[in-house]
Amino acid sequence: MAGTRKSYDGVAVCVPVTIPYRRYSVNSAHWWVGRALHALTRQARLRPKDIDGLVLSSFTLAPDKPIGLTQHLGLSPRWLDDVPLGGASGIVALRRAARAVQAGDAEIVACVAADTNHVDSFRKTLSTFSRFAQDAVYPYGSGGANASFALITRNYMNKFGAKREDFGKICVAQRDNALSNPHAIMKKKLTLDEYMAARPIAEPIHLFDCVMPCAGAEAFLVCREETARSLGVAAIRLLSTIERHNAFADDPVQVRGGWAMDVGELWAMAGVKPDDVDFVETYDDYPVISMLQFEDLGFCAKGEGPDFVRGHSLTNDGTFPHNTSGGQLSAGQAGAAGGFLGLTEALRQLAGKPVGKPVPDAKLCVVSGFGMINYDRGLSSGAAVLARAA
Amino acid sequence: MTDPLVRPKRKDPLKRTRMPLAPPAARSRTAHGLTAAAAEGKFALQVCSDCAAVTYPPRDACPSCLSPRLPFMPVDNRGTLVAETTVHNSPEPYFRERVPWRVGVVKLDVGPSVVAHLHGDTVEGARVRLELKLDKIGAPVMIALPAKETPNMQDDPQLREMTCDPKFRRVLITDGRSAVGQAMAKAFAEAGSTIVFVGIADAWKPYPGMEALRRIERVEIVPLDLTDSESVAEQAEQNGGRIDIVVNTAEHVRAGGFVDRHGLTVAREQMDIRYFGLVRLAQAFGPVLRGRGADGVNSAAAFVNLLSVHALMNWPAYGAYAAVEAACLSAAQCLRAELRPGGVKVVNVFSGPLETEWFQTVPPPKVAPAALARAVVDALKRGLEDVFVGDVAEDVRARLAVNPKALEREISN
Amino acid sequence: MSSVDLLAFAQAVASGKIRVIDLTQTLSQEFPTIVLPPEFGQCAPFRIEEVSRYDERGPAWYWNNLSMGEHTGTHFDAPIHWISGKDLPNNSVDTIDAAKFIAPAVVIDCSQQCAADPDFMLTIPFVEAWEARHGRIGPGHWVLLRTDWSKKPYPQYAGMRDDGAHTPGPEPAVVKWLVEERDVHGFGTETIGTDYGQGQHFNPPYPAHFYMHGKGRYGLQCLANLDQLPARGAVIFSAPLKIKQGSGSPLRVLALVSGED
C-alpha cells in the first residue's frame, strides 16, 4: 500500500484555536462557529475574506447546514465541505482540507467544529441520531451511547480480561494531564478509588467513564507551508492519514475499529513506527475505545490493551503520554469539537506551545478519531501522524 | 430467579395516580415489518430474496448484495446473549422512572447482532430466545427470554411492561349472557384475575348458565346494558377505576344479507349492540383506562374486541352481521390510536363462525367458546394486538394476503 | 239538553274535588319490555340519549333524543295492531275518533288470587261474581284487571321462565264474552301485554288481542296504581300519540276519580 498514496508534502496545519467550553449555553452553534472563526482570523492576522475554504462539523446547526453559515458569517469560500462524522470529524476534515490546498482548490482552509449545548440538547440529539438508533437502540433503555459502549466495554472485558481498574488508570492519568489545562471543564484530581466507587451509569460504565457534554468550539487552519510562513505562524507537518467507515461489520460486538484495516498504510506512508511517536491523542468518548486505539494503531496486539495500560504511565511525563490536555473525559465534549480536540492539542504540543503541561521534546505524534454510533458500534475512524516543523 | 408477583395492596385513595409515559415511539416505515410481526406474536426479520442473508436493523437494501427485495420472513429466534448492561441513568422519562433496566446484545444463530431488552432470568453467555413484542407505546421491541421456561417467568417486571397479563388484574366481561361471555369469565378467573366483573343486561330475563356463572370464584355480576348509554356510563362511574381489562363479549349474530331482508329492526339492534355498544364503552371507559396505564401492578392494560374475521372481508351468508363487524373493526382501530398514549392495548381477536346457537347451520370448523376464551387470555399474556383464532380465521387471513378479490368471489359462492 | 259546565269540571280537578290518579309507569331503560322468540322482530326498549345538558353541546339547555317501540312501557294498543283487526275502519292511533280516548272504567280486583298464583286466569264466573257485588259492566267501559303486578320487582313482574312468561290474564272465553255480551271499550292490565303470560297456548293464541282488536276495541298495558281506583266510577283519559298508521303508542294514562270515592 505504501507508495500508492500521494504524500502530504508541503501541507501545513496551524493556528490551533479552542473557544473555552461551557456546560450549557443559550447561544446557538452559529455563535460558537463565529467565535472560532474570529479567533482564527485574529491569531493568524487574517481578514475573514482571506479564508477561501471552509469545512464545518456540528450536530446542532439545525435548521442550517454549513452553506447557511457562509451567508450568516459573510464568507465567500471557493471550497466548502460538511463533515458530519462526530469524533472522526477532525481527522476527516484535515484530510479533505489537505488535498484541497495541495490541488490549489483553496489557499487557506478553516477547519471548525462547534456545538452548542442547551438543557435538552442531549436527549434530542440521542433520539434523532440515526435511523438504526431510532428503530433498534433508543427504544431499549434510551441509555444513549452510554448503554451502547457499556455493552462494548463488557464484551471486551469478557473476551480479553480487562478490569475496571485498567480503564480507571486511563481516566486518572488523563485527569492528571488536565489539571494544568485551564480550559478543562473538570478541575479536580481523580483517584482510582474515586473512579471505582463512582455511581454506575450503565454497568460496567460508571460516572468517570463518561464525558461531560458541553458547548464549545475547536478549530485550525490548513494551508501550504509557504502560506504559513508568510503568515508567520508555526506550521505542523502532516506525514500520513487513514480513514475508514463501517469496518468489520461482521464482528458480533465491536472489538476493533477501522484503523486495524489501514494501520500498515498509516505508518508506512509516514515513514515511522509506532514506537517513534512522543505522544498519542486518542478519541476517548469512553476509555475502552482508547484501549482499542492502542491496539488498532499498532502499539500492541489485539487483546493486549490491558497489559499495555498496566505496563505504562500515561501522564505527560510518563512512558506513554496520552491525551495530554486531559482528553474529552476531563476537558469535556463539546459535540463535534470532541473530534478536533486531540488535533488542536497535538498542534500546540508539536509547536512547543501547549496550554498545559508540555510533553518533553514533542516532535512526533499520532492523533486518532472515532465516532458515529449508528446502531451498535462506531462506524467512522481515522488517524493522522503529525510532526514538528522540520 | 423471577420473584413471583405479589397481589397488590388496595390503592391509597389519597395518592396521586402515576401518569403514563411512553418509550420512544418513532420507527421507520420498513421497521413496521417488526410491528406487524410483534402484533401477532411472530418473530420475523428481513431475509434477502436474492442471497438469503438475514439482516437487522430493518433497512432498504441488502448489505450483502444490495438487492431491494427484503421481505420479512419467519426466522429462528435462538441466539446467545453476548454482553449485557444495566442502565441506571436515562434522559428518556419512561426509562428514567423504571431504572435499573437491563439490556444486552444477542447474537442470533441466523446472523445479526440484536440489541434487546433482557428478561431477568437471562444469563450473559447463555442461550436465549428473542421475541418481538409491542412495548408500552405499541412500538416493536426485541426481548430476550431464557432458552427454557423459568418459574414465574411472566412476572418479570420488564416483560410485564410489554404484556397485558390478567394475573392480579380486574376484568370486565361486558356480556355474561352468552356462552362466550361465560367461558370468558371462567378463563379469566383461572388466569388469576382478582375480580371478574360480568355484565348482565335485563336481569329480569333469565338465561342459561346463570347459576354456574354466579358460582365461579371472584365473579361479580353487575348490571350492564350496552344499548343503554346511562347503564354503561354508570358502570364506568362505579367500577371504572378498578377495571384494568375490558373484554367486549356482546354479540349479535344473524344469518342473511340485505336484499332478502325485510325491514331494519334487526340491523338496528345489531348496530346498537355491537357498534354503538362499542362506542358507549369507548366513551365511558376510555378516559379512565387511558389514565391508569401506569398505575402499578394492576394497571389498566387492555380493551379486547371479539370480532368476526369477516369484518375483513364480508361473508354474504351472514352479510349484515359482517358489515356491522367491519364497522366495529374500524372503530376499534380508532380506539387503539386513542388509548395507545395511555399504554393501553386494544386487542382485536378475529375468529370465524363459533360453536354458538346462531351459527348452528354452519358446517365445521367452528371455534368453541372455551377455545376463544383461551385464545384471549393467551393473547393478553403475550401482549398481542391482532389475533386470529381457528382455521377459518387463519384461512381468510391467508387468502386476503394473497388476493383479496379472489377471496371476495370465493366467499360469496 | 243543558250544557255541561266544563269550567266547573276544570275547577273541580284543580281543587282536588276530582282526583287525578296517574296510571302510568315512568318510561325508563330498565322497565321490562315484551320478549318475543329471537327469530322475530322485537319491540325496541326505551332508550334515551342526552343531546345537551347546559354544556358545550348546548350551553343553556337540556334535552334528550328518545327511541322506543309503539308498545314500550305503559302503552295503548289500536285494533290495527292485530291481524284480526287489520281491515277495520279507523283502526290506527291517528284515525281513531278522539272521543274514544276518554271512557269510563271498571276495575276487577284479583290481586289476592294473583298473589299466590302467577298463572291466575280470569274467567267468566269470576267476572260474574264481581258483577254480583258491583253491578253489571255497562257498554263502552274499559275493563281494567287489577293484579297488583305493577308492585313487583322486575324479575317477578316479567315472570320469565324457561317456558316463557308466567303472568295473570284472561282466558279466551271471557274476552269473547266481554266483547259480545258486555260491549266493552277495551281491556287494560298491569302486566306486559293484555294477554295471559302463557297465552300462546290458547285457542286462539293471545285472545285478548285477537278478540278485542278483532272487534275494534282497544288495549292498555303496564298500568300502575289500579289499587287506587274504585271498582266503578273512574273515567280514563288515554290518548295515544298521533302516529301515522300507528299500531299503538306509549302514553300518559290518567284516571279521574270523584273525591268521595
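The letters A, B and C name the chains in turn, as written, and every chain counts its residues from 1.
FYI, a contact is a pair of C-beta atoms (placed from the backbone, for glycine too) under 8 Å apart; a residue touches a chain by one contact, two chains touch by 3 or more.
Please read these numbers as outputs of a predicted model, since none were measured by experiment.
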item: Most widely separated chain from chain C, with each centre as the mean of CA atoms; value: A
item: Leading chain pair when contacts are tallied as C-beta pairs; value: A-B
item: Distance between the centres, which are taken as Cα means, of chain C and chain A, whole angstrom; value: 94
item: Whole-Å gap between the CA centroids of chain B and chain C; value: 50
item: Multi-chain contact sites of chain C, meaning residues that touch two or more partners; value: none
item: Residue numbers on chain B that touch chain C, as the complex places them; value: 202-206, 225, 227-231, 263, 265-266, 268-269
item: Residues of chain C that touch chain B when the two form their complex; value: 29, 32, 35, 41-42, 44-45, 47-50, 154-155, 157-158, 160-162
item: Residues of chain B touching chain A in the complex; value: 23-24, 26-28, 31, 34, 56-58, 63, 82-92, 94-95, 99, 101-105, 107, 113-117, 124-125, 135, 139, 141-142
item: Chain A residues within the chain B interface of the complex; value: 122-123, 126-127, 131-132, 134-144, 146-148, 150-152, 154-155, 158, 199-205, 249, 252-253, 375-376
